[in-house]
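These are the structures, in structure tokens.
Okay, so subunit A shows up in both of these, paired with subunit B first and subunit C after.
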Partner chain A sequence: MSELVVKVHNLSRSFGKTKALDCIDFQASRGKVYGLVGANGAGKTTLIKHLLGLLRAKSGSVRIFGEDPVKQPERVLKHIGYLSEDRDIPDWMSINELMRYTSAYHGGWDPSYADELLDTFSLDPTKKIKALSRGMRAQVALICAVAHRPDLLILDEPSSGLDTVVRNDILNAVVRTISEDGRTVIFSSHLLEEVERLSDHVTMIHQGRVTLDSSLEMINKNHHYSSIRFSERQHALPKLEDAVSISGEGRFWSVIHQGSVDSFGSTLQNIGGVIVESRHATLEEVFVYKIGREDLRDHTQITEGSE
Partner chain B sequence: MRNPSQALLWSTFKISWPVLLMQVAGVITVFFLIELALGSNEDSLSLIEVADGIIIIGLIFLYSVTLHKSHSIARTSSALGFPYRTEFSFPVSTFTLLFIPLLYFCVLIEAAVFFPGMVVNLFYFNVEVSVLPFGFIVFQFTILTLMLTWWTNSGLASIVGWFIALVLYLNDLLMPDFVRAENSWIVSAENPADYIVALFFTVAMFVLTYFGVSQQRSGETLINFGSNLFSSAEQGAIRDILPLPIAVCPTNAPVAAEFWKESQIHGMYGALLGGLAGAAMTLAIFATIFFFVGNGPDPKNAGLLALPLYALVCVGLTISMYGVRYKNGTPIVSLHDRTTPLSTAKLTLIRISVSLTSALLAGVIMYGTLAMLGPLLFSNFQNLQSEFLEILAIFSGIGFFDLALRVFLTLSAFLTALLLLATFFTWTMLHNRLFSIGIAFVPAYIFLWSVSLMGFYGSENEGAHNQAIDAIFANHLWLLVLLIPVSGVIMLRDLLQDQVLTQAQMWRMLTIGIVIAGLNLIWLFDADHYGILGRDIWVVQMSYLVTQGLLPLLAVILALWSSNKIRHG
Partner chain C sequence: MNITINTKDGVPIYRQIANQIRYMVASKLLKPGEEITAVRTLALALNVTPNTVVKAYDELESSGVIFKRRGAGTYISDQQSPLADRERRRIIEARIDTLLAEAHQLDFNADDLLDLIRERQLQLGETKQIENKGTEKTDE
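Up next, the complex of A and B:
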């Protein structure tokens, strides 16, 4: 198998007049964790459906383990563990039946690992799926997704609608999967803290386009949040080349900027400002800047352009 | 919107007005075409009956869409009970919640009769479309069906309700005994007091429905038999109800596991319940007719009665063959099913084999039960049995090859019909609107041709009329001759492109399909069933018969193609 587990090239998809994906390029290498972030309707789930072969690539191409998931569903899907947002599993089966059924498809099914997770989650294997709570269903679906130790684990909003305890259970199981060498994880989430905690690489999607595709390390390294102070009141700030988002008033302003803090500090000094405090920008701050609401963006642009 | 009633009315109107427009426009167009073809004259009265049929088909279509729409508003997991369940939390009285949609749908369906009727009265023909009495029938039919559907969310209670309604109907208590004036649309009740009786039962039904909906609003069920036998829309629920051993899922092979899963949902449990339910319904209806008619129904009618019920059982067993079902008012295909790590060809083959075997098994159970219990309960069943034996006698006294051929071809035709039906229903669920338009278009198209040809041949002579109808089919055979192989080739190309089939598999499938087509031809020529030998249109007929024999092959190709489309979008 190739080291490149997922390769999406120039993928576009429209539903009626709505462009869900617009010339997307995305790659995932073996042994890394990829976080897909974006607002509702950004195109994350559409991309995941293409990875699973649930949607045919109308334009562009999708390759998983070097294969087309539409043409080779059997070969591709048996190496994938998938947890859908709505935990779609057969309601009428008992947990035990679902485990047996799922194990038949995956040669690598590890019964002791499945039992261990059942114990951890305190699930009764004789219970019917339809009798389970939302959180328990998520736990059962997760066991089915990870107990065969898949080469690629795809999680679509794994924490959506779950309480803190179940969310932690799920994240711990994902962490355990990651800790095993060579496993690749792609997961979409609204919870940016989660993405920050787990991901090596972050892909931000907005209105079907990739707006940021970088390792978390690079994002952290390149984006800073600085509190700045001027000696005199400012109605608007002059243009700061590295700044991507500015807010504040009077003498005190907050800026998210790219590049090094030193370089930004020198630029600031030239216009009479100093950095009071600086830290790496959180993913949430970068997210708001990159794919935040249009009105926020407009505000930033006005501020930036009002020198 | 100023008040809840307006909001309710608006939300219901928003989803149903296009259907009403289509119905009105469709009926007026059909009449316009009649006028165009024949002109207004008394001789064309017989055509009114044909148009009458078109209106009834349109109404059934409108009615079924209306019912479906009323359920899709609610987005509830079960189709049973009152559909406006999301509105239960609105600050509106239960009476308003029930009365507004009920009134709206009655008015909607009345309008679908009234407006075209008015237009026809004004512009076409010298006959009167009797809007008012006909309107009463439509009103009664609409309001009773809606209330019978909405009054309880208990499946068993609902069936009992329908049964009682049938008994009342057979006694002319729900609908007056109407007579129709000769050569006219005018219908009227023989006894005007019958209207009052019918309205009394309608009001009583409204009171019952009101209490039923009130109960549903507070999470209760009016007349709950304590059984989830018919109310559970969940897959595989039947196996929990029947006291039968449950097989253990094999873990050694994916195909075996998938076969187990399909068997649990669509297999023996469904066949057993479907077969027994079909037999019970046949006997119940038979008993009702026996009770009211006295001497019992004609055995031929009883035979006819069992057949559509069996067809219903078959539809029930095969309708979710592709894994498409309604949930929260919208068609869904389970992501779990779609991400099963098995090739589409294997998945389809497993689903087809399980569903079709169940349908056959249900038939054996249903007719076996009828054959055993029927004669014990009704004397007429002896006649029915002898008639059934006469049908079976066709197979006796023939050679082994002929017998095997007939059994094989009968089975193949039956399974092909089921497969086509299941595929049709699946696509109807997925593309409801598109298929509704298509279905509405087909009778209009056939009618247009029949009218044109009747105009050409003349309508006075019944023989000429039959000739015209024959001519329609003869002139349209080329459509089927083209449609079957061309669609087959297009779908096969897609299947090869998506690697659902390998070339070797495709050739194997084609060979089997062509052999079946050949056997079909041998049988047809052996018996000369259509009397085609020596006829002038032999070439067209011959091409049609060849392609007709290819239907089983086409059905399988269509099933694979549909599965692939459903799975991968």
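Up next, the complex of A and C:
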């Protein structure tokens, strides 16, 4: 059952001279959770805006449930729940008014589910949005995104800037959404621990390109972190097959590598090293090597969504 | 079920769940025939995607640790003994491997280790006896 909910093909987008998206291919099948990870300005929000039809594909194509979200917004958007990074909900409304307003354009709005969530979050529906704390605002925006029980839920940095309690509430509501059969979730996050918990599939975007697109299981299986030891001090290690990141000094080094531990062990034997200990690499370790440290230094910030 | 997830050591989450349930079965914290937490409930409790819990349960089911009753929950299998034995062995072997590796680093060989284990066991036994005597005395 590989029913495609999202199909992005060869999507490119530039803002001025900056390439925000560069030949992106991305697919999401029904019933799975997709984590989008990447540094700030990598292109995650720009990709999400294309999925929602907020940006028109200049080259390449975007299909949601087989439709073009720019040409058929009403047919696409009624199946989507969206939580934006800046939780842009109208300040002047009360929570109650916002709920009524949102329910009016979502056919499948479930008032009892909305009430239940208001209750869980202990929100007072008579309160004005502008009087809410940051966490409460995120909770209200989340209710608006999930109470019509969308087939596709898109969350842009759902837990950024939130304390642990609210973050937990939000993640819980996401898990609830996924638990209902056949719902698909796409969320972007820079919290890799969260991505590791929630996603079935991880798509890493770096400078507008997809650098890794794989199920979490495969990422885990294919990357190892090994501590290695030499009998003599080494000034530097030679280029090792499969090794993607090397650190250490003297006799003790650690290496993140692909492929099996056994094959890496025999590569190592040729240069007089032995593996002391090996484990699967964490998503964070894989992320750091894929994205590279140089990027954190050179921080080319793309103002996403602005043209 | 008390399950904790750690995303720092690179062990896939579904495997962490499966291993902890295996451990609970081997140590008889979970008994044959006992119902285990439903997928959705466990996913919500751990804040992980339900697909991960499904994967853990599938793995446990195919190795015979648990079985599913259609629409009526998931249970610990009855014929646990051979499996539990194997599992107990697997757990203790993993500990022994760590001990051996550490002993090797510190220059103890396997015979030294065996002697040390016996010695420690005797010492622990003595402490226990002293403790027991202590309690007997206070009882009097």
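Please note the rule applied: the second predicted complex is superposed on the first by the 292 of 307 C-alpha atoms of A that agree within 3 Å, B and C clash if a C-alpha of one lies under 4 Å from a C-alpha of the other, contacts with A are read in each partner's own complex, and residues count from 1 in each chain.
One rule holds for everything that comes next: a residue touches a chain if its C-beta (ideal position, glycine included) is under 8 Å from a C-beta of that chain, and two chains touch if they have at least 3 such contacts.
Predicted model, so just to flag it, every value in this text is computed and none were measured.
**Student:** Will subunit C clash with subunit B on subunit A after the two structures are superposed, or do they fit?
**Tutor:** Taken together on subunit A, subunit C would fit alongside subunit B, as the superposition shows.
**Student:** In the overlay, answer first, second, both or neither for which of subunit B and subunit C A:56 touches.
**Tutor:** first
**Student:** Kindly classify A:90 by the partners it touches after superposition: subunit B alone (first), subunit C alone (second), both, or neither?
**Tutor:** It touches subunit B, and subunit C stays clear.
**Student:** Applying the document's definition of touch, where does A:273 land relative to subunit B and subunit C: first, second, both, or neither?
**Tutor:** After superposition on chain A, A:273 lies in contact with neither partner.
**Student:** Considering only the touch criterion stated at the top, classify A:78 as touching first (subunit B), second (subunit C), both, or neither.
**Tutor:** first
**Student:** So in the superposed three-chain picture, is A:158 touching just subunit B, just subunit C, both, or none of them (first/second/both/neither)?
**Tutor:** Neither: A:158 stays clear of subunit B and subunit C.
**Student:** Who does A:208 touch here: subunit B (first), subunit C (second), both, or neither?
**Tutor:** In the superposition, A:208 touches no partner, neither subunit B nor subunit C.
**Student:** Between the C-alpha centres of subunit B and subunit C, what angle is subtended at subunit A's, in steps of 10°?
**Tutor:** For this superposition the angle at subunit A equals 150 degrees.
**Student:** Go through the superposed model and pick first if A:105 touches only subunit B, second if only subunit C, both, or neither.
**Tutor:** first
**Student:** So in the superposed three-chain picture, is A:70 touching just subunit B, just subunit C, both, or none of them (first/second/both/neither)?
**Tutor:** Only subunit B is touched by A:70; subunit C is not.
**Student:** Once the structures are superposed on A, label A:178 by its partner contacts, choosing first (subunit B), second (subunit C), both or neither.
**Tutor:** The answer is second: A:178 touches subunit C but not subunit B.
**Student:** After the two structures are laid over each other on chain A, how near do the C-alpha atoms of subunit B and subunit C get, in Å?
**Tutor:** Superposed model gives a least subunit B-subunit C C-alpha distance of 27 Å.
**Student:** Considering only the contact definition stated at the top, list the common interface residues of subunit A for subunit B and subunit C.
**Tutor:** In the superposed arrangement, which is not itself an observed complex, subunit A uses no residue for both subunit B and subunit C.
**Student:** Using the touch definition from the top, list the residues of subunit B that touch subunit A in their complex.
**Tutor:** Interface residues on the subunit B side: 234-237, 239-240, 248-254, 256-257, 260-261, 264-265, 334-336, 338-344, 346, 498-499, 567-569.
**Student:** Would you mind writing out the residues of subunit A in touch with subunit B in their complex?
**Tutor:** For this pair, the touching residues of subunit A are 49, 52-56, 70-74, 76-78, 80, 82, 84, 86, 88-93, 97, 100-101, 103-106, 130.
**Student:** Where on subunit C is subunit A touching in the complex?
**Tutor:** These residues of subunit C touch subunit A: 5, 7-14, 39-40, 43-44, 46-52, 55, 101.
**Student:** For subunit A, which residues count as touching subunit C in their complex?
**Tutor:** Within the complex, subunit A touches subunit C at residues 31-33, 168, 171-172, 175-176, 178-179, 192-193, 196-200, 216-217, 220, 225, 277, 279-283, 285.
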